[in-house]
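Here come two complexes built around chain A, the first alongside chain B, the second alongside chain C.
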Partner chain A sequence: MSDPRIDLLLAMADDELVIGHRHSQWTGVAPHLEEDLAFSSIAQDEVGHAVVWYGLASELTGKDPDALGLGRQPDQYRNAILVERPNRDWGYTVARHYLYDTADDVRLVALADSAWRPVADATGALRREERYHLLHARTWLDRLAHGPVDARRKLGEGLVAAFGEALGLFEPLPAEGDLVADGVLPVPHAELLQRWLDMIAADFDALGLERVLEEGATMADPEFVPTSSGEMEAPATLSGPHVERRDRGWVPVGEFTGRGGRHGQHSEDFAEVWQDMTGTYRAHPGATW
Partner chain B sequence: MTSRTVTAPSPEDVRAVLDAVPDPEMPPVSIGELGMVVDVRVDGGRVEVDLVPTFSGCPAIAVIREDVERALRPLAGVDEVEVRFVRDVVWDPERITFAGRRKLAEFGIAPPGSGQTLLGIGGVKCPLCGSRDTVADSPFGPTPCRATNYCRGCRNPFEVIKP
Partner chain C sequence: MERWEVLGRRTGEDPWTAVGAVHAPDADMALLLAKESFFRHGEGVDFAVVRLADIHRFPTPDMLSPATDKSYKLQKGYTGMGDKRRRAAARAEAAGAVVDRTRPEDLRVHNTAHRGRGPQS
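Showing the complex of A and B:
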């Protein structure tokens, strides 16, 4: 049986690698030069963070970090579906950036208390660097939320589109119970989800964006996706809790069922980003960079 | 192998060499001056160096590893060099030495202690003319550890070591 810590590391590494790759697709074409720089720099950080997690996974698997990052088949990637979606427009880009980086922060804060020392140690440098991502995401959330009308509408649409899939970042890992019992993951994903909802609800309340949690509070219908062998698999895709207003906060209601990104089940959009991301590596296996 | 006639270098000798290995992206400053050296151990002819990257995503990590190995191998008494990047130390700009800060400023990069804020609200001392009449342009820059600012005093853009 494989080490459940590998699932945790790959979930985080793949999230960072894929969102980093999506961010890098703004390089050269962002709305203005400062944002070109910002997304390129954030992309570089995220890919660097992926390398940190692949490095730890490499020690457990004996596989080269490059092979882990770029040499797997699509259904072996464990990123959440949220991060593989195309950038669409600026509203969606900002929405996803905000939802992802807040969720990543909640995860890193919890892992600082991991009983597995190498993970706890790594969170120190990562959180120091992620401060700039959070600052960037919150600045843009705030700016678009304050209009003009078009900007606020596009941000709202982006948040509604991204929110359901952002819940998939909290899909329990295959051996979640073991990871929690061993203290490697000090807080189960169900509790991480609640912490994240508390964090973003505070921002949304301040900006009058609560409607997003009402409209976007459920995960989208499952999609049929081909497996690596080319067969169409039954839609055992992820469906998750919805979010309800209770008292002064938001709570998830219901459980995750089916399989999502944490089990290697991806959307059609992953094929495109996977080919783009791994093309050079696959064309020149074993090349020295 | 012939019997050793030269003695191995001391950790201080090794640190002196590291103080002269240039950072690939800011060559006037050495990796020692940037505070990247965490520990040096010498055991006979084997030298182990622990480094901390300034930023985890720094693309220069592989280059720095090679540069350090290349600098230490020719030392008399050194047979083997191992460079490790450690994760249990968090790099912070406060690790940059005073010599390093002076060289960064001469290179046109505002060193730590120039009035940086996380939000980048400006007022960072311009390394080119010394003015405080400066504004933040972006909290991001050409490398992960640098941000970009603009000086209204001398009308030049300049870079800043992120706080």
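Showing the complex of A and C:
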């Protein structure tokens, strides 16, 4: 039985490493030079954060941080599916950047109270950079949301496309119960998800983007199919996640889409990013730089 | 009295740089005071003033200090690379590889055709 803390560290480290790698794919081709630099720099921050988490995982596993980051097989990575998706266009990039960094912020704030001191201690420095990532993401979200029409439309499409999979960032870890009981994860992912929904719903309300949550929810609604008995049944592959508006705001209901990452199940897009990310390391085993 | 930041350019090609500040009630007086304070000795060919209140400051300067080791962004993060390359070359040679050059050929195109030529007539 492996230490459940490794699952927590790898989930966070792999999220950071893979989103960092996706961000770095704007290097040289972003819409303008300053954003080219910004995404490249944020990419380096995220990979730096991954190194912090791999470093802690290294102490638990006895494996070299580089080997953890670059030396595993695809099904051993624990990142959420959201972060492995290609950048698509600027609207999707900003949407995912915003959804990911708000989620990361919620996670880091909670982990500041972790009973496992090394994790709690690491959150302070990381949040300093994450606050800048949030500032960057929110500035762009706000800018695109205020038009022109084309920008607002593309942002909306990006948010709708990314939203369902963003819920997968809060997929419970394999031994979530143990982590919560030990105080390593002071807040279970279900509660983190609710905190995150409250946070983004407030931003969306302010920008008139509530439709993202409605459409994100509609898109995630299962298609019902008639069964042999005549009853309507939702196919398992299309079930949930969704969110519904209740009295107190948006709440998650049902299953997660975008789930699987925390168990090593990835989308078809992961193979490409994994090849790209780990190719040099695997081609030159043991090389020093 | 308001504070005005003074910007100057040493030559026509140089960018604007902050050279100091003056206190003055309006732009005209700020320009006058700035000339006498900062540009009496031929320090520049051009200068300007801007109200400090009109300058947008970054609200959270603590974001400027990196959270993790970013020495790889600086030249000093790569000291000893020449030695490392020579050691690697020596190891390769000891292992029987023939090292005829340790760095790739310089394939850059150096365009010097425009130099030393007057305007075309």
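Everything below uses one rule, namely that the second predicted complex is superposed on the first by the 259 of 289 C-alpha atoms of A that agree within 3 Å, B and C clash if a C-alpha of one lies under 4 Å from a C-alpha of the other, contacts with A are read in each partner's own complex, and residues count from 1 in each chain.
Keep this in mind: a contact is a pair of C-beta atoms (placed from the backbone, for glycine too) under 8 Å apart; a residue touches a chain by one contact, two chains touch by 3 or more.
Computed from a predicted structure; not experimentally measured.
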{"item": "Clash or fit (per the criteria above) of chain B with chain C on chain A", "value": "clash"}
{"item": "Touching partner for A:171 - first (chain B), second (chain C), both, neither", "value": "neither"}
{"item": "Which superposed partner A:34 touches (first chain B, second chain C, both, neither)", "value": "first"}
{"item": "Contacts of A:121 with chain B and chain C, given as first, second, both or neither", "value": "first"}
{"item": "Chain A residues touched - chain C or chain B, whichever exceeds", "value": "B"}
{"item": "Partner chain in contact with A:42 - chain B first, chain C second, else both or neither", "value": "first"}
{"item": "First (chain B), second (chain C), both or neither touched by A:136", "value": "first"}
{"item": "Partner chain in contact with A:52 - chain B first, chain C second, else both or neither", "value": "both"}
{"item": "Contact residues common to both interfaces of chain A (with chain B and with chain C)", "value": "44-45, 48-49, 51-52, 125-126, 128-129, 131-132, 135"}
{"item": "List of chain A residues in touch with chain B within their complex", "value": "34, 37-38, 40-42, 44-49, 51-52, 117-118, 121-122, 124-126, 128-129, 131-132, 135-136"}
{"item": "Chain C residues within the chain A interface of the complex", "value": "60, 62-63, 65-70, 73"}
{"item": "Chain C contact footprint on chain A (complex, rising order)", "value": "44-45, 48-49, 51-52, 125-126, 128-129, 131-132, 135"}
{"item": "Residues of chain B that touch chain A when the two form their complex", "value": "52-53, 55-59, 87-88, 90-92, 118-119, 137-141, 144, 148, 162"}
